[in-house]
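Just so it is clear, A, B, C, D and E label the chains in written order, and each chain counts residues from 1 on its own.
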Amino acid sequence: MMLPTQPKKNRYKTILIVLILVAIYVWAFAGIPFGGIKDTAGSVSKAIFSGLIHPDWSYVYMGDGEDLVSLLIETIAIAFLGTFISAVLSLPFAFWAARNKKNKRFVSTTGKFVLTAIRTFPEIVLAIMFIKTVGPGSFAGVLAVSIHSIGMLAKLYSEAIENMDQGPSESIISAGGNKIDVLFFATLPQLVPEFISYTLYRFELAVRSASILGIVGAGGIGTPMIFAIDARSWDRVGIILIGIIVMVTLIDFLSGALRKKLV
Amino acid sequence: MGPIVDKKASIISFQNVSKIYPNGVQGLKDLNIDIKQGEFVIVVGLSGAGKSTMLRAINRLHEITSGDIQIDGKSITKAKGKELRLIRRDIGMIFQSFNLVKRSTVLRNVLSGRVAYHSTLKTMFGLFPKEDKQLAYEALQRVNLAEKVYTRADELSGGQQQRVSIARALTQEPKIILADEPVASLDPVTTEKVMDDLLRINHELGITIVVNLHSVDLARQYGTRIIGLRDGEVVFDGPVAKATDETLRGIYGEKILEEPKPEGVTV
Amino acid sequence: MKSHSSALPKGKSKVKNLIWAILFVLIFLYSADLSGVQMGRLFGNMKQMTVILKQMASPDWSYISIVIQPLLETIQMAIIGTTFGALVALPFSLVAARNIVKNPVINGVLRFVLNIVRTVPDLMLAAVFVAIVGIGPVAGVITLSVFSFGMISKLFYEAIETIDEGPVEALTASGANKMQIIRYAIFPQVSSHFFSYFLYCFEINVRASTVLGYIGAGGIGIFLQRSLSQFRYDRTAVIVIVIFLVVLVIDAISNKLRERLL
Amino acid sequence: ACGGGSDSSEGTQTDEGYVPKTLKVQFVPSQAAETLEAKAKPLEDLLEAELDIPVEVSVSTDYNTIIEAMSSEQIDIGFLPPNAYVLANEQSDAKVLLQAQRYGVEQPGGKPTDELVDSYSSMIVVKTGSDIKNLEDLKGKTIATQDVTSSAGYVWPAAEMKKAGVDIENSDITTVQVKGHDQAILSVLNGDVDAAFVFEDARNNVVKDVPDIFEKVEPMYITEPIPNDTITARADMSPEWNKKIQDAFIAIGASEEGRQIISDIYSHEGYVVSDDSNFDIVREYAKEVGQ
Amino acid sequence: MGPIVDKKASIISFQNVSKIYPNGVQGLKDLNIDIKQGEFVIVVGLSGAGKSTMLRAINRLHEITSGDIQIDGKSITKAKGKELRLIRRDIGMIFQSFNLVKRSTVLRNVLSGRVAYHSTLKTMFGLFPKEDKQLAYEALQRVNLAEKVYTRADELSGGQQQRVSIARALTQEPKIILADEPVASLDPVTTEKVMDDLLRINHELGITIVVNLHSVDLARQYGTRIIGLRDGEVVFDGPVAKATDETLRGIYGEKILEEPKPEGVTV
């Protein structure tokens, strides 16, 4: 017996989609005027790199509480708090938005809609709103970071939920467990590694959301970095970068250990 | 001691139940089945006949398309919220694919069978009473897995995982046990042990048991009643004694049950 | 059957977990203290929060005609930037994933490189690329590419590390080589992840307000900043709404594509 | 401002106005600064010494937030660029107390003079040897600007061009908005644009990266003076405290040690009392360019 | 036609093979086994005895701790790169847990058994020759799944997934087939069909077959040789005829193989 061909309608739709994609790319490339390399490329990038490899070591520790080390610690504290709050707040949103058997399509669609709205709402406007409420400073930064992060975290969480093996949840349901039992005995244990990695990723983003923290006057490493870039003090930028890289690598290392412990 | 079968009480009752999967496959076709308390029912049928579908309809792990299923007189089809959960608490399930949380320990997996007995708050923090843990441990002993109690589920062999899943259902102390091929991955010794256990709790505690099985021998050995499914329809329903080779042929198609061995091999 | 019910043996000591928990709480409290958390102020002053929202509630619809062009430009740059970034991210994340390349040195070095890439602030990338290709969309596209590359590769290699190893085994057992295993056992399992990271990143790039503005690449971000610096929240609202619509369209397309292609 | 009598840990409302118990100051970098430090502590210490109450200083990179925070009474004192002051005054009636002083700039050469002034200028730069010699020549050209609200990076040069009959909006001029005066200079150097609006003399920001920038890019036009950065108080601050704060800043600028600090960190050399009328010019120019 | 057993050629040879899992569990203990070409070997043992571990050692899905395993005279333990892949190509495997890509279609899953036959480049684009597809389709027909060829693997019943996994191994056209409980989730009819198929390819093509089974009946019915494992050690190895009830008792422990039925049920 010969292999039957795959149902046709699939194929036409796929071709149509491919055509649309091609059209989109043609359009996108048409909008970008590609040019050559500039005369200044040499001297400016040389200046930048030489600044980066001759970092301003004196900035590392000055003892006035506004040096690299203190600011990095402050940054971590803000990011930690913001990420933690947002991770907790993201959980209900994620379950709201996840499309699975139990969730009606309408429910998850509204959930996704709300998340999209949160994501689209500019971080800076959130920051302004929180500054008006609690005044400038780290707290406003924490709030802005945590609310804004919900949009991303909950979306990633909800996709993890959608991709999850439903088996263990079924076993809890069949034992008469309610939604929360399912959450704690089937869903979370399965999703822990993914949630952790998204959360840590988000933590890292929060650490690096320098600009936004700078804007709200939240302290942290963001403001001096922006100033240094604006003033083209590449040696200062260099040392700040090294600081952040060391910090992010440490976080990565710790998170790896954490994952191993929990997974 | 014979099984305690109360002729009147019908503990599971299918009324015109049909199920069509979203992709159009007809899982169940107009089932009408009454299972009495204390029965030991074995469901047989070809792979894909709808056995798992039928079992999963009983505790409403998936919705049926039409009809009604009653558990102990209460419609599970219409039940909601707490009511539904209480009905389910009385139905233990052993899954074909085990459905363990691979990353959790064996004990935690088994204990999760008890969640419906406790307040959400308590279970959230994993605070199960000592007795529950002891219960779970005894169930593990029963399936010969006592020494793996703190092992992570993903470090177990296939049969060991199957047994964890059985222990979980036992720990739930249900009135009904649904078992989806509970012995598929087990060796004959453990198979007998498990089937004997099911039989014993059926006898001693009067727990109603519905088991999907592939082995006709086992079906004959343990069941009080056999239900044969084919393409989602009941093609046989009666006491084991009546399930002749003839009827089994009906269930499994034209193939003869005890076909002569293929050429060339002598045992 | 004789049921010799002995007592449950003790499990591993929970002390370690307790220490972890305490540590966590301490860090939390320290952070809260350092950040000057004042819940009272947040709730006491709640009505200040609504001031801007109220102004945003009556959008200046006439502004749409002005922002449409920059929005389209932004989309064009985001499409190209994300695509390049994702294309480079693909091989990188495969090699960085510990379950594909089992050499900790290679994984480690690659991850370190990725860390650096992700750490470099986009402002600085912008400064470098402006020096190289001049102000304008090309510098913007390159900056977006680098950003997308860093983000997608990290998320992607972690997704790869959480796949079901069963199919990998099956392919290994049938003599497939690494590429074939990736293609037939790994990619089908993670393609939906890859896809959503791609789109998620695309979305961020569309929203990316600052970086394109730094380098004169135009885009919607400049208009967002302008509306804020002029306190025209009614215009901010319009920008937020058009971006929201674009993101919704992206979401819809992505869902359709996901159903179709996966 | 909400009526008198309310009491909080931060301050008290009296009939005279607001009396701070903790003074909250926010600093926003000047557009015209060449180097800045994102430091709050030094100013905090200086002010606490003068005022005898706790001072909290924060540094922000965007003046929108400072204005909003002042209007919601989260900030008492703000360091604002001139255009931002005008907006703050419009939004919440905030009052200018002082203006910062800096050294003037000498052309050609772009080096600082030793004369303290409370204003700065904007300039239009072109590539050395460019055929753009006057404002008329800018017609049909491409110009790098800052945000349209920026005094030096847009408003001043655009307004003066308009006065000279070159409407930046309708003279076939293409504007490219960039962030940072350094980027503007570089884009002229690279030939991406024909001219750029920058503060005088922004070439100093780039000289570290392109040592011969003074030879390659030259000012073609220098604008009228723009008032320097302000120190602005929230609207309801009591007159007594306004005075105290003015005195404190002036004293800091006058003391050798204080001046050194504000100079190193904020590029300020001293402070002089200012008045809202100094900023009418800002309003006028803004109107000129249709804002 | 009888099985073609060449007495000299030893196609799989275990030499002092031991395997200890990282968590300390001893999976295999000093195995010395020679399997000749064309044999139909059935491995039996309690759940957790090490059957899967032994099978997975053969194609080196996991590394053994000590000893050597030779396939057709070549040491797979030492093989690397292309050599290893070519050895593996000749060994088809049917997994206890199916190991399907749930999101891919049945056809794709089956076809993936053929990748080792083609250049990387071709397979990257999913360009399999027509003959391969036909081969895959025929294998699906053989396991009675032809109509599910374009269904996604996660929409199949347990037994159906098992059969996809069998079809994949058949499509690989190997010289050796390793099957880890290939019929655990199958109904008797499909079980017979599958076992008959294995037997047929064993006879007709001389393919060597090593199967883990739980059913002693099946073992007796199909095997030419039985290997009994217990706690990672070989406790029996001989022709089926020699596998008396006595020896099976040794394999499965004290439990008697054909224990009297539990009380209360009559068949």
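By definition in this document, a contact is a pair of C-beta atoms (placed from the backbone, for glycine too) under 8 Å apart; a residue touches a chain by one contact, two chains touch by 3 or more.
What you see is a predicted model; the values in this text were computed from it and never measured.
Enquirer: Show me the overlap between the contact partners of subunit B and those of subunit E.
Expert: Touches both subunit B and subunit E: A, C.
Enquirer: Note down the smallest number of touching-chain steps it takes to go from subunit D to subunit E.
Expert: When the steps are counted carefully, the minimum from subunit D to subunit E is 2.
Enquirer: Can you list every chain that touches subunit C and also touches subunit D?
Expert: In this structure, the chains that contact subunit D and also subunit C are A.
Enquirer: Consider the two chain pairs A-C and A-B; indicate the one with the greater count of contacting C-beta pairs.
Expert: A-C
Enquirer: List the centre-to-centre spacing of subunit C and subunit E in whole Å, with centres computed as mean CA coordinates.
Expert: 43
Enquirer: Just curious, how far off is subunit D from subunit A if you go by their C-alpha centres, in Å?
Expert: So the centroids are 34 Å from each other.
Enquirer: By residue number and range, which residues of subunit C touch two or more other chains?
Expert: Answer for subunit C, listing residues that touch two or more other chains: 45, 48, 51-52, 127, 131, 134, 136, 192, 210, 228.
Enquirer: Can you list every residue of subunit D that touches 2 or more other chains, as numbers and ranges?
Expert: Those would be 62, 64, 68, 72, 180, 186, 190-192.
Enquirer: Out of subunit E, which residues touch more than one other chain, so two or more?
Expert: Each of 97 in subunit E touches at least two other chains.
Enquirer: Touching pairs of chains, which are they?
Expert: Those chain pairs satisfying the definition are A-B, A-C, A-D, A-E, B-C, B-E, C-D, C-E.
Enquirer: Which residues of subunit D touch subunit A in their complex?
Expert: Checking each residue of subunit D against subunit A gives 24, 26, 29, 33-42, 56, 58-62, 64-66, 68-69, 71-72, 74-75, 180, 182, 186, 189-192, 205-206, 208-211.
Enquirer: Would you mind writing out the residues of subunit B in touch with subunit E in their complex?
Expert: Touch residues, subunit B against subunit E: 1-3, 21, 23, 25, 40, 44-49, 52, 96-97, 151, 155-160, 162-163, 181, 184-192, 196, 199-200, 203, 214-217, 220-222, 224, 240-241, 252-253, 255, 257, 259, 261-265, 267.
Enquirer: Using the touch definition up top, name the residues of subunit C that touch subunit D in the complex.
Expert: 45, 48, 51-52, 127, 130-131, 134-136, 210, 213-216, 218, 222, 225-226, 228-231
Enquirer: Given the complex with subunit E, which residues does subunit A contribute to the contact?
Expert: Touch residues, subunit A against subunit E: 1-4, 6-7.
Enquirer: For a test of understanding, state which residues of subunit A touch subunit C in their complex under the given definition.
Expert: Touch residues, subunit A against subunit C: 13-14, 17, 24-25, 27-38, 40-41, 44-45, 48, 73-74, 76-78, 80-81, 84, 112-113, 116-117, 119-122, 124-125, 128-130, 132-135, 137-139, 141-143, 152, 155-156, 159, 163, 193-194, 197-198, 201, 204, 208, 210-211, 218, 225-226, 229, 232, 237, 241, 244-245, 248-249, 252.
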